[in-house]
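Just below sit the structures, each encoded as structure tokens.
Two complexes, one shared chain (subunit A), two partners (subunit B, subunit C).
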Partner chain A sequence: MNMSRRLLIYQLLLVAAVAALACLLFSVTQENLARLGVDSNFDFLFRRAGFEIGQSLIPFSADDSILRAFVVALLNTLVLAMAAIVCASMLGLALGLARLSGNWLLSRMALTYVEIFRNVPALLQIFFWYFVVLRTLPRSAHSTVLWDALVLNNRGLFLPGPADNAGAFVMAAAMLLAIGIAWAVGHWASLRRYQTGRSFPVLSVTLSILGGVPLLAAWGTGMQWEFPQAGRFGYGGGIVLLPEFLALVCGLSMYNATYISEIVRSSFSALPRGQLEAAESLGLSRQVAVRLVLLPQAMRIMIPPLTTVYLNLFKSTSLAAAIAYPEVTSVFVGTVNNLVGQPVTIMALTLVIYAFVSLCIALCLNWYQRRLALRGT
Partner chain B sequence: MRLPGMPALLLLCIPLAAPAGTLEAVRERGFLRCGIVESSPGFSVINDQGERAGFDIDHCKTLAAAIFGEFKIEYVPVTPHTAFTLLQSGGVDVFPDGATWSFTRDISVGLDYAGVYLFAGQTFLVRKDSGIRRVADMDGATICIAQGTTLEQNMADYFGARGMHYQALTFADIDKGLQAYHADRCDAFTNEGASTAGRIANWPDRDDHMIMEEVISKEPFGPMVRQDDPRWRDLVLWSFNAVIAAEELGVNQANVEEQRRTSQVAEVQRMLGVNGAFGEKLGLSKDWAYNIIRLVGNYEDQWRRSFTPLGLKRGLNATWQNGGLHSALPFR
Partner chain C sequence: MRANLFSTPLDTTLTLFALGLAYVVLAPAIQWLIVDAHWRGTMPADCPDKGAACWPFIRARWDQFIFGLYPQAERWRILLGAGIGIIAALPLFMPRFRYKGWLMCLLFILYAGIGKILFVGGVFGLAYVDTGNWGGFFLTIVTAVFVLATALPLAVMLTLGRESSLPLLRLCCSAWLEFWRSVPALVVLFVAIIMFPLFMPPGLEVDKLLRALLALTILMSCYLSEALRGALQAIPPGQYEAADSLGMNYWQKTFLVILPQAIPTALPQITSNFIGLFKETTVLLIIGLYDLLGMVQSAASDPVWLSPGVSATGYLFAALFYWVFCFGLSRYSAVLERRASRFRGKAI
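And then the complex of A and B:
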């Protein structure tokens, strides 16, 4: 028998052994659960939830099903992860560039920040921000109010929002439209720059599109606005950013920004010095050189390690359970498991969801990485 | 960092918890494995002498006294997330902590209750200056609550039935929830009354807060055991019953020695093993109940040790002669 065939047989045996082990584990668990009288099906998903969730992007009440509670929790997880990823990336980029800066004070300050926040566990940072935020913000009766529209107190940050679901739908649609337009404008601007070399103020135009289109849509459809109003128990109405959410975005992004800043720094350091020198000899300012010459090249190096940070950040949103932000771990492994009492099924479902979303994030970034890669000639 | 996945994994890895009797397993092992929740004033604390004490701890001790005549106990700290799983998989023999006896828990979790050792109820902690006097005043309030109990559901049921709204803030941990309430994040904190009273007893501004009298749910707490061992459940049930019966019969930690020698009451004689073979029938020694009362005391003794310092009244937990709900099953 030749070598390669023997190796193939070994590998097949290994796969069979692993599969057999998995089957054994599965059947023993099933048997144990049946013997203990614990259900192991997913019927509970369609039962009435019977508990309330503090923050939900879609309407939810105790009368809805556990499945809907699951969707609410998943959306909360995704919103938190997205906000934290955006904030962490911006902060990380700024920190990384600061560390590369020739300004001694600036680079040392960035270094100090990184060394402090990288070396304290994320959970402690979250507790710190949560209780600092709660203790420093004013009580409801002494809220900070700006133009009768923005209200800040220890119950959250209250913003004006659409008064009903139809309005919310219009806003969401307008936001998507704005993102589409902004993307098209960006695409057109870069094409024009390739062809004519003329630049275009992409950033300010993008921001005005993202802000302007939804406002225009709201005005055009005659949408009713709802402003925060003081009630019996503090303010209500409009859009509320809960202190838990703010503390989590703060804690998670400040912690993960340290890792991102190191990635940014190392990616820029990996570029040949000649790139910056060549850009400067063309007469580009430092700022423009970084934006147009260095950053696009550094991005290629950055994406793979950045994927790891984003995945870690996504998974650490489960720390939110500690400060009452209703995400998947809190709602499912906490509340629902307690009501239903099927730990194995519920853990399995939760694990699968985390794995699925993580894989989606990795896929997106890999796709982006391939798009950025230099094409062989 | 919490690892909520661990107990589920345990369940996968322990193929079959010995279906042989729990009592035999405990005897062979030489000690009782008792699941406790750590740091719950009144129920389970570490006292000034560095020893575990509290109402739950006394319950572990009651069982150990009945089986071994001394406190051979391994306390296994559990959280509400891990308790049921550990019990199901044989990691603990009994879980005497405040787990409400409800239909779902009893029927579909593979566990059984052995009696009710505390009649508790869900109450609300509010600031005195909040203007909240009754539960009905709380329409629209933000309420902090901890997971791992039936409390979330009770509150949704109660408010839903009255068409009232509230915003729930659900913490994984009772103390974090209380801390958030203390920082004015919520208008009220809800939990089982006795446990709240214990936790806020040492707040510097304790007098600015009050626990409302109104109780929105019945929370009968009982020790939980696995469903597949009825003999073990009998043992747990009757050990606790001895504690109640002793109070009804006037036997306490101080006089149990004398009662055993001199009492002419037939039921006392049977309970303390002077007559009959009640202990043997449970698979225990003759003086099992005598050991319980001698080492741990009757219900009143236990209450006075754990709850009286927190200012809790017996209320529903008095014996039936005193207008409470505890009523011992007869030793006959």
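And then the complex of A and C:
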């Protein structure tokens, strides 16, 4: 018998063994479930939930279905991950640039920050923020109030927001529109730069579009703003960020920013020195050289390790279960599983949702990486 | 000094900003941690100021932080086991010692037995200690070491499977790896705790701690596999060809030529994964296994001690403990990296 046929037989044996193991597990599980009288279908998704969720983007009440609770939890996870990713990236970029700066004191301080916060578990940092900082804030009656618009107390951070759903819709639409316009302007500016060599103040224009369009929309449609109001049972109105959410965003972003800063630092130092020298000898200022010569090349090195950090950050949003912030893990595995008692289906659903979102993040960043990649080499 | 800190106006501003930031952060921290703190005593009454740092709390609960709820009279077993482990593993950290691989295999087998006899007991006249009583730093270390020791062989097998020339094997291994790498550790732990009993035939019960350890082993082997894969790809193709031309079969080639080169290359990456695992053990407290952080948290919520100052001190103490270990390991990893690069004769 020749080698390749033997290898084929080995592989078929392997597949058969895997299949047999899966069948065995399946039958044992079926038996156990039947013995315990546990259903394993997805009918429970359409039952009345019967529990409230502390924070939700879409309206939710105890009378809604469990499926809607799932959507609420998933949205909470996504918002949490997005907020933490944005904060971690900004802090990480600042720290990474501080590490690279010629200023000895600044780079040493950034290094100290990185070495301290990288070596302490994320969960411990979240606990510190939650139990030590945010939960011990003064009660409603003694809140910290800034310009009558920002209110901070042990119930969370209160921000002004649109008064009704129509207003919220207008704001969301205006934000999307602003992002679209900003992207188009950026695209046009880079095209023009390639063709004519003339530069365009992209950053300031983009920022003013992102800030201006929503404000204009709010003013133009006569939208009502709602400010946090002190009521009999504490503050209400506007947008409320729960202390759990704040603790998670602070903890996760300060922890992951250390990894991002290392990525930023190492990818800038991986660039050949000649790049900066060539840019300077062309008469580009330091700022322009960093923005147009170094950053685009550093980005190419940055994206793959950054993908890993973002995926880890997304996965660690599940730590929210430790302080009962209503995201996927605490709502599915905690509340719903206790309520319905169908562990197999609920766990499978949870695993699949996390795997699916991770896959989407990885695909997005891989697509971006391919867009940045050198062509024709 | 001038060139570093005050060369341009922007530099001066940055320096002043940094100094201001350092003052704003450090001054209150030192005031709270040292000046205002309570230092003497071991009783809650020794911390009259509820907001200040309370070091007597740490002194009073030190034993619990280290040993968990392990019976007081049996704690010598933990110390003995730790002593045996440290002395036996010492040669692994000597650069000159040549039989590291054999020693590791021997330790793996022997220590599994020693650990089971000493820590669980129930044989040779040693009292039985339920794993539910394990906790504190002891549990953290047991978890980290057990998971590393079991995950490493598994990771080697998964990596070989993934890099093999057999398409079906490769498919199975990469699907397995990609799936476990894309789900959170906490959810996998919940699966192990809630669902694992359903997979087992009736009558066969697996200890809760063991189930959690197995879940972490699966995850860790997937993370380590990624590190090993990078190291395998860094091996020049000439090594494979040379082994082939000597007439070695697949297993000889892998275990005598490839892995002895790949594992030292992967060592810094393995260490950083181990640091990650060390920090990840804290999620055990969410599923009700009280590791160091869990012990600190439950001690701080004891009504006798309950106060903001006590919980802040507890968390800071735990942070310091984790920090010392993780920072030490990362320094060790840097030393290994330097040694490996010198070994390869490269500059960096």
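The rule we apply is simple: the second predicted complex is superposed on the first by the 360 of 377 C-alpha atoms of A that agree within 3 Å, B and C clash if a C-alpha of one lies under 4 Å from a C-alpha of the other, contacts with A are read in each partner's own complex, and residues count from 1 in each chain.
In this text, a residue touches a chain if its C-beta (ideal position, glycine included) is under 8 Å from a C-beta of that chain, and two chains touch if they have at least 3 such contacts.
Given the structure is predicted, the values throughout are model-derived calculations rather than measurements.
S.K.: Contact-wise, after the overlay, does A:109 reach subunit B, subunit C, both or neither (first, second, both, neither)?
M.R.: In the superposed model, A:109 contacts subunit C only, not subunit B.
S.K.: Determine, under the contact definition given at the top, whether A:28 touches first (subunit B), second (subunit C), both, or neither.
M.R.: Touch partners of A:28: subunit B and subunit C.
S.K.: With the two complexes superposed on chain A, say which partner A:355 touches: subunit B (first), subunit C (second), both, or neither.
M.R.: second
S.K.: Does subunit B (first) or subunit C (second) touch A:337, or do both, or does neither?
M.R.: Both partners, subunit B and subunit C.
S.K.: Quick check for you: in the superposed arrangement, does A:101 touch first (subunit B), second (subunit C), both or neither?
M.R.: second
S.K.: Going by the contact rule set out at the top, does A:14 touch subunit B (first), subunit C (second), both, or neither?
M.R.: A:14 contacts subunit C only, not subunit B.
S.K.: Please work out whether A:329 is in contact with subunit B alone, subunit C alone, both, or neither, and reply first, second, both or neither.
M.R.: In the superposed model, A:329 contacts both subunit B and subunit C.
S.K.: Tell me the contact category for A:53 with respect to subunit B and subunit C: first, second, both or neither.
M.R.: first
S.K.: Under the stated touch criterion, which partner chain does A:131 make contact with: subunit B (first), subunit C (second), both, or neither?
M.R.: A:131 contacts both subunit B and subunit C.
S.K.: Counting contacts the way the document defines them, which residues of subunit A are shared by the two interfaces, the one with subunit B and the one with subunit C?
M.R.: Dual-contact residues (subunit A): 25, 28-29, 32-33, 35-36, 121, 123, 131, 319, 321-322, 329, 333, 337, 343-344, 347, 351.
S.K.: Quick check: in the complex, which residue numbers of subunit A touch subunit C?
M.R.: Residue positions touching the partner: 7, 10-12, 14-15, 18, 25, 28-29, 31-33, 35-36, 101-106, 109, 115-116, 118-125, 127-128, 131-132, 136, 311, 315-319, 321-322, 329, 333, 337, 343-344, 347, 350-351, 354-355, 358-359, 362.
S.K.: List the residues on subunit A that touch subunit B in their complex, please.
M.R.: It comes out as residues 25, 28-29, 32-33, 35-39, 50-54, 61-63, 121, 123, 130-131, 134-135, 139-140, 154-155, 231-234, 236, 243-244, 319, 321-324, 326, 329-331, 333-335, 337-341, 343-344, 347, 351.
S.K.: What part of subunit C is in contact with subunit A in the complex they form?
M.R.: Per the touch definition, subunit C meets subunit A at residues 4-5, 7, 11, 14-15, 18-19, 21-22, 165-169, 172, 179, 182-187, 190-191, 194-195, 197-202, 275, 279-280, 282-283, 285-286, 293, 297, 308, 311-312, 315-316, 318-319, 322-323, 326-327, 330.
S.K.: Report the residues of subunit B in contact with subunit A in the complex, numbered from low to high.
M.R.: 1-2, 4-5, 7-8, 11-12, 15-16, 80-81, 84-85, 88-89, 104-105, 108-110, 139-142, 144, 147-149, 152-153, 155-157, 160, 166-173, 176-177, 179-180, 183-185, 187, 226-228
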